[in-house]
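Pasting the structures in now, so scroll down.
Below, chain A partners chain B and then partners chain C, in two separate complexes.
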Partner chain A sequence: MEKKGAIELIDLDKSYGDNHVVDHINFSVEKGEFVSFLGPSGCGKTTLLRMIAGFETLDGGDIRLDGVSIIKLPPEKRNVHTVFQHYSLFPHMNVYDNIAYGLKAEHVGRSKIQEAVKEALKIVSLEGFEERMPSQMSGGQKQRVAIARAIVTHPSVLLLDEPLTALDMKLRKDMRYKLREIQQQLGITFIYVTHDQEEAMIMSDKIVVLQGGHIEQQGIPQELYKNPKTAFVSDFIGETNEFDGMVGDPKGDAIRILCESGDFLATGFSFEKDEFVNVSIRPHRVQWSEEKVPGFHLHGHVTDFIYTGSLVTAVVMLRNGRRVRVSRLGGRGLPKLNQIVHLFWNPKYAIVMKNPVGDVAKMTGMVKFPEKI
Partner chain B sequence: MIKRKHLSTGVLTVIGILILLFMYIPIIVVVLYAFNADSVNYFPMRGASFKWFAKMAADDDLIRSLEHSLVIAGISTGVACVLGVTGGYGMYRFDFPGKSFMNKLVMLPLILPGILTGVALLTFYQAVGIHQGMMAVILGHSTFLIATVLPQVYSRLQQLDGNIIEAAEDLGATSSQTFFHVVLPNIQTAIISSALLSFTLSMDEIPVTYFLNGIFSTLPIQIWGMTRNGITPEVNAISSLIFIISLAAILISNMLSKED
Partner chain C sequence: MSTKRKMFHFLRYGILAPSCIWLIVFLVIPYFNLFLYSFWKNGAFKVEKTFTLNNYIRFFAGDSSGSGHVMILLQTLRTSLIVTVIAIIISFPLAYFIIYAVKKARSKKILYMMTIIPLWVSYIMRAYAWKIILGTNGILNSFLIWLGVTSKPLDIFLYSDASVIIAMVHIYTPYVMMPIYTSLEQIPHSLIEASRDLGCGGARTLGKIIIPLSLPGIVTGATYAFALSMGDFLAPSLLGGTTSSTKIANIVQMQFGTSDNWPYGAAMGMIILVFVIVLMEITGKIEKHYANLNG
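Let's look at the complex of A and B:
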């Protein structure tokens, strides 16, 4: 199947009064890509989606679909369809008529409509549901009808606005794989808006992390997970332990970071001594020992365990109350409750990032951290 | 303590029943008298008969006035529905300065005394050259009936999931396709219910009609004229008919407006 639906967002800009919801965004999606806009509520991701759909006007910039500007077209003229968060099926039509609607609006012949609806129902695995009314269906089924309705006219791009949020957990997990499967089958571009990083990680070819109307970072999921550029991204993508601290002396390949709970080694480039930074270390990368480890002064005691499926996490409380999570599959090799432990890790897994606040020490003349604890 | 509570509910029930009786006994009496075998309204009745209904059906003036009323109510309800629905939809889709003010303003004809509306319409129509008669009455009724249709339609639209309109446009429907395929079916109960209400309001409207009718009669004006020489059983018969039809219309209207 021929892939289609390349989208370019060029210097997109939008404000509501003083609220700069979309701040000069540049971004491109290749044909047949599954891209997620990921961010907290209010980050501008839904506005961006609605701009592409044609429901929002823009203050500046351009949107191109397969090379052609679409910003002057009304929603009904754009070859872009939306799957809404709350399904928004037509309540007075049965499943067949809901799905057929886009084709009927285009005055497609009856036999062709029947064929296309059948095909769409097959894709979302809802064969035999033609006569059902939306009110007689479960949330998951309605969502699949909404998807069928949006794909039946073969759009170049499908926009999905947090389509799984209204579903229960189990269904949500199944639907992730189903959506990815449908996208692969159709070969069209999916732009998926979500605040759930797990969803985005599982389904996407590319993730765009949005914050405050601008792109915080974009890339393939593994890249964002391994090399977050900002504390915001590392916090948003996957579980992480975060430290804010100050750059001490470089020591070999690693740099020493001082924080209020002690000091440790991490990896970072082009950071100056005494610069304020954020450091992210994933819970499964944190190791522990009963004795001191050279280069690390972080000790505390285990206060709690968290069980999330196969992963068990020990919570270690450091000096000054900072909590660090240590995760192991099946809980193998975790310390005991109340055990005193020294934490350390391979410095290459502790990522140093710029502190978004800026150089706090220089601004406030803050207290010096102790060299040794 | 418990006893006193029982006592107060008992008293409340009695008062409630008395209020209902106070409201409905007159109507019950009219309906009963419509079947009176006698020509004098007197209680207890000495027999029952349908003859007043027969006499009513044979009264040409009465039937003609009924026809007038039906035509006026039918057309002005239609006009009010078209204007009320398009107006309500416009207010729903577009934001414009003074929208909330307009929403209140449109209710005014319902609140204003009919006599004031009547005088105002008569003065205005004379100024623009619309003569008293059927046309003037239809225009007048349409004007104040918009006040029943527009707010009901507007409030139903506000309960609607606005995304279904976007969904239709998203799927390639033009604005008129969206309106007729998606919006209208979802507000039709509100339209039917307000149309029924409008129809009954128009059917028994006197003050505005009286200013605008000129020489012809509508049903309520005809009945009013007939009662000048005492209430005849014929009037009771037509009143009972109107009562039953109005009751049915109001009940249907109520049922529909409760529906989601």
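Let's look at the complex of A and C:
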């Protein structure tokens, strides 16, 4: 199927009074891409979506759909449809009339409408539901009708505003794959707003992490997971252990990081000695040993285990009370409860990031850490 | 039975008792009385307690003392329908304007209050106000003379069907406005956004989404306006002409007053009651139908 729906956001800006909800955002989406806007509530992701849909005015900037500016068009004239968070099906119409609504607005012939509605229901696997009223359906079914209603007119872009939030866990997980499948089948651009990183990781071609109205980082899911640029991104995408510390001497390819619980090796570029940084290490990358490991001085004891399905996580408490999580599939090779362990890892998996607070040592004139603890 | 249960029973029925007594004394007994009276005979100076259907026959077919009052009932029905329709035509756009065009919550509240303030003024005052406005030397005539439209006062405004309708519309519009406003307020804004998102402009959204979803409110308001204007005898007697704009309620009132024919008045009362109940039942069904869909 021919792909369509390239979107460009150029220097978008919006404030509500003192609240700068969208802060000069520049971003482009390729035709037929599945892009997720990921961020906590209040990060501006929904406002951004509503701007593209036309429900929100902008203070500055431009939105282009396939190269043409659409900011002057009212929502009904934009070839962009929205799947709303709470379905927003018309309660006084049955499924057929709900789905046919957009087609009737375009004055499509009756037989063509019938065909298109049938096709749309097939895509969302709800064949035979034409006569049902929205009040007679479950949340998952309603959501699929809402999707069918939005795709039936073949818009260039589909905007989805946390469409799975109202569903239960099991259904939500199934719908993720279903949505991805529908998007691939139709070849249109999906812009998906969510606060659920797992959802974004599974479905998206590209993820845009938003915070406080600006883009924190954007890229393909793996890249965000492997190379988060900021502590916010590493914390938001996947499970992670975070350290804040100070850059010590370089050691080979790695750099030594000093923190209150000891010191360890990590990888990072263009950080100066004594600079304050954040370091992120994924729980499944953390190794343990009963003996000391060169380059690492992090030891503590196992205080707890957390079971999350196939993944088992041991919580290791370092001295000074910092907790580090160590995860293994099926819990294989984890230390025992209360066992004293020395933690280490391959330095290339420990990502050093700028500390958002800035250089605390320089700011406060703090005493230097000792080189060796 | 334990004392606790006794207490519970006492509370349950005790709470209901005042309203039950009130209903029985002021509703059931009077209506039953009315029902009995409607089958009795009106004798000279007193009511004879013998069964007769003549009161009902007289209403529909007339008798030696004159024709029946079915035509007046139908005319009243017509006037009430006109009042209801005009009240809806005024109320809906007004409620729509306040909800969708006024942005500030405070302005919304003030405008809404202004529309229902007439309810705080006594009925007689409102009816007399129209007498002052529409009368021969009233405000409207003075204004027309000042404009030069006419050289001497016109007497067509007052004591006609039109003046009765104008006053009734004014008096009953707040009753229509309130339920419509409430039902419009309850329509989720996301439905209107969804409609626009799917390519429907303002007019189509109004016709396909907003009006159907506010129908329960419109029906409720229409029922109020209709039922109240059906039973209104003050506006017709204050503002209406001598014969042409006499309403059914005036005739009923007359039976208990000047004509002193209680059985016939009671029969008319029963007929109007059945008439209005049937009508309410129909509108209730429509409302329920839509309430089910929205649920």
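Here is the rule we go by: the second predicted complex is superposed on the first by the 370 of 373 C-alpha atoms of A that agree within 3 Å, B and C clash if a C-alpha of one lies under 4 Å from a C-alpha of the other, contacts with A are read in each partner's own complex, and residues count from 1 in each chain.
Definition applied: a residue touches a chain if its C-beta (ideal position, glycine included) is under 8 Å from a C-beta of that chain, and two chains touch if they have at least 3 such contacts.
Quick caveat: nothing in here was measured; it's all calculated off a predicted structure.
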item	value
Fit or clash between chain C and chain B when superposed on chain A	clash
Chain B versus chain C as contact partner of A:76, first or second or both or neither	both
Touching partner for A:133 - first (chain B), second (chain C), both, neither	second
First (chain B), second (chain C), both or neither touched by A:84	both
First, second, both or neither for A:5, with chain B first and chain C second	neither
Touching partner for A:106 - first (chain B), second (chain C), both, neither	both
Touched partner set for A:32, first chain B, second chain C, both or neither	neither
Intersection of the chain A residues that touch chain B with those that touch chain C	53-55, 74-77, 80-82, 84, 86, 88-92, 101-102, 105-106, 149-150, 153
Residue numbers on chain B that touch chain A, as the complex places them	161, 163-164, 166-174, 177, 181-182, 185-186
Chain A residues touching chain B - in the complex, by the definition given at the top	53-55, 74-77, 80-82, 84, 86, 88-92, 101-102, 105-106, 149-150, 153
Interfacial residue positions of chain A with respect to chain C in the complex	53-55, 74-77, 80-82, 84, 86, 88-92, 101-102, 105-106, 133, 135, 149-150, 153
In the complex, chain C residues that touch chain A	188, 190-191, 193-201, 204, 208-209, 212-213, 290, 292-295
